[in-house]
Amino acid sequence: MTDRHPELEALDALLEHTWAELLSRPVAANFLTSPASADRRMLALYLIQAYHYASHTSRNQAAVGVSMRTSNVHYLKYVYEHALEEVGHELMALHDLRALGVAIEDPARDMPAPLPETEVLIAYLYYVANFGNPVQRLGYSYWAESAYGVGQSFLDGITARMNLGREQLTFFHVHADIDAKHANDVEKALLKACETPADWKAVRRAAETSLRLNWAMIEAEFAEWEKLEAGEPSDYTLLNQLSQEVSSS
Amino acid sequence: MTDRHPELEALDALLEHTWAELLSRPVAANFLTSPASADRRMLALYLIQAYHYASHTSRNQAAVGVSMRTSNVHYLKYVYEHALEEVGHELMALHDLRALGVAIEDPARDMPAPLPETEVLIAYLYYVANFGNPVQRLGYSYWAESAYGVGQSFLDGITARMNLGREQLTFFHVHADIDAKHANDVEKALLKACETPADWKAVRRAAETSLRLNWAMIEAEFAEWEKLEAGEPSDYTLLNQLSQEVSSS
Amino acid sequence: MTDRHPELEALDALLEHTWAELLSRPVAANFLTSPASADRRMLALYLIQAYHYASHTSRNQAAVGVSMRTSNVHYLKYVYEHALEEVGHELMALHDLRALGVAIEDPARDMPAPLPETEVLIAYLYYVANFGNPVQRLGYSYWAESAYGVGQSFLDGITARMNLGREQLTFFHVHADIDAKHANDVEKALLKACETPADWKAVRRAAETSLRLNWAMIEAEFAEWEKLEAGEPSDYTLLNQLSQEVSSS
Amino acid sequence: MTDRHPELEALDALLEHTWAELLSRPVAANFLTSPASADRRMLALYLIQAYHYASHTSRNQAAVGVSMRTSNVHYLKYVYEHALEEVGHELMALHDLRALGVAIEDPARDMPAPLPETEVLIAYLYYVANFGNPVQRLGYSYWAESAYGVGQSFLDGITARMNLGREQLTFFHVHADIDAKHANDVEKALLKACETPADWKAVRRAAETSLRLNWAMIEAEFAEWEKLEAGEPSDYTLLNQLSQEVSSS
């Protein structure tokens, strides 16, 4: 027996379906048996992208409030609370990159550029914040705050295969912890902020689209790892030094 | 004996000097003996402007974070915390207007437009958020959070002369209470965020300019009251009904 | 013998390579023998997306100038000239939709929503305008202004198969005409605005990324057509009426 | 006999009344007999402000188009045409400053900061572009394009008293020339873009407010000149060198 809101159930069903499709594709399905999941360059590729999109997360969250022309006190409070909590999360990605041994002294100078797919994800989150239905960004938060559940088996796998400790994976572990609380907040915010079927439809669209863009980013990280592995030109060749350190350990 | 930071002392001195000049002008100097300070239309004129600028305060505060291209975790946290705390303050002004008897059912439809001087103040706060030194907006917060101290004698005067209770002046009393806490926050934020003489200079400039624009708004409210008193055309003639109610009470 | 700038040659080579890959995929390779290329619903799906992104083109072009913090007179002139020339191009798409028989009286009310892939393209063009290297948006203009060359065989094919006249395809024909002039402008603007290898790299990245997003939009139009053909749920079922009209002609 | 639109007549009457009031104040009324009108420091103070606000003019003009959520092809074309024509006008102010002998090699480094009143004017023009009725910015253009008429007697006066040639006053002379054309454009744009009394009211408000802010800037230039004359601290003391050159000529 459940009294879950039917619109939340519809959103859950959509995301479950989308995740299932994405996880059945080769990159996910074969990941834990691929050499990539034992290669710290793969993790570094992920963390570099995380550094970039996390640098924008609190900004595009706050932009929802700046762009809103109507007043919805409860939702605006959620927006700024959430923007506040996301400040500086890129520094966890930076910490983990350094813990892996990536030589980044000054990120403004040394951090490799994001992949195009990372920029597309960032771009979409600003668009979602600045245009259209202001509640739609909750669709992104909704799956993002619970994604570390989906990612747990990957995280366990790479932790074991790359021989890493919790202190080298703060970006994941801290998010997994705080996101338990956040997921609950997002659900409450959705139930308060969504007043019409059009609101829920906008949320579903932004949820599915941002999840697909996020996954496209992850597949692009894998493709970039394949380039490194094949010795092809890449903006990330500085990670090859890392790879050698790992294999010598 | 004091260990107050010399830049804070310079900022205090500038604001003290500016306040002294503004308060010596006729509108302030004669206010408590003017019929305006016993006329609820004057208070309503103030609250209508407060409704308008308060509708933008959390937005132009959050805009500082959205516009910043560099990362300063401590300052960004201050920015979003403060944006969060300012959400919905326009509703206190709306409450007080209704408590005074101003007939505003739906603010989007019934609230009179702001005075031009109010729009200029709002405009400047967005400019300060979007252009130039990102710490400069603290100059506005610095004086604004302590202004209710300066305003206390005016508040006491109109409370007595207009025969009002605390429940009709929530905008002032709630701000006076929370601003004690905020003033302290702003000072800490200033000391952390300002790293160079240029930062402090930008803060001083934004502080003085926004204080002067704020005062120009108040003087414009008085000028509009004079129009109402003289029976001249005004966008605020709906307040004349209020005046009659007051005089009949 | 040629004196073409080596950076332009590199950009051309990248785009040629990218186009070749995209056009070799099933949607393009099989299009002219697919029933889709004889089905006006397919054209309408394209034009609805064109309506949406063209509504943003002059805005995200002008946004480059609004966001620039440095002054580059020649480039700013290009930006506003180009924004000017793009104003209202969505009306050609609207005209053609109506000429096809799609019942859109008031676009604000009757125009179907864009596909998610269309929003992602729009989002990316705003991002390119507002963040990063301000010259990078020329990468989009560069391929977009010459794309009607690539599209000519498709245009000829659908014109014949759908039995359409030039007056029902103004969006394509007008663009093909004015883009001859524009392509030349973009090339000149690139040669003036790009001063460093980093500028050219940013242009190449934005060119390839926006071309891929544009193509993802076209493939999504095809996938939506397949849904209509299969009688599946779609936001575009109003086009089925159109299809019947066509088959009866 | 006249067929001038009554709303244009009302706008003209408002501006005539406002100009009359501003020009009757001491700064204007006494200017041509004040030593300031023979002192190149005064002109330089004006040109430095002109450099700053002109750097924003085409941007805040284009921002009207970027911010508009509705489509008005004629008005959008006016917006971008006008943005285009305003590009780079700050360079005329820079040219004239150099012709006067002000040592500005790299403006980003050497140009003195704007006065606060100049920033307030710039801030208001962005606000007018980004908030409220999108046609309201025409109110600024309307008086700005014809202001060189009002300024002609001042221009003649200072040209004679400062012993300047046309080639040192390009900012004024070029504007006077092109503004004859522009004033006509603005009038046409107003008549097309304003459809309701509320549109005209928004235009009148923005016209009067921006004119008053512009004049406040000019009075602030005069106050700054008085500081220089009195040997008081100022951000513009580099102009004192200029004054000596003038008096020695």
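Quick notes on this one:
The letters A, B, C and D name the chains in turn, as written, and every chain counts its residues from 1.
One rule holds in what follows: a residue touches a chain if its C-beta (ideal position, glycine included) is under 8 Å from a C-beta of that chain, and two chains touch if they have at least 3 such contacts.
These numbers come from a predicted model, not from an experiment.
The set of chains touching chain B and also touching chain D is empty. By the residue-number overlap criterion, the interface of chain A with chain B counts as same, with over half of its numbers used by both chains.
Work out the mean CA point of chain A and of chain C, and you get 29 Å between them. The distance from the centre of chain C to the centre of chain D, each centre being the mean of the chain's C-alpha atoms, comes to 40 Å.
Between the Cα centres of chain A and chain D there is a gap of 48 Å.
Counting partners per residue, chain A has no residue that reaches two or more other chains. The residues of chain B lying in touch with chain D in their complex are 116, 119-120, 122-124, 126-128, 130, 205, 208-209, 212-213. Residue ranges of chain B in contact with chain A, taken from their complex: 55, 58-60, 62-63, 65-66, 68, 71, 73, 76-77, 80-81, 83-84, 87-88, 90-91.
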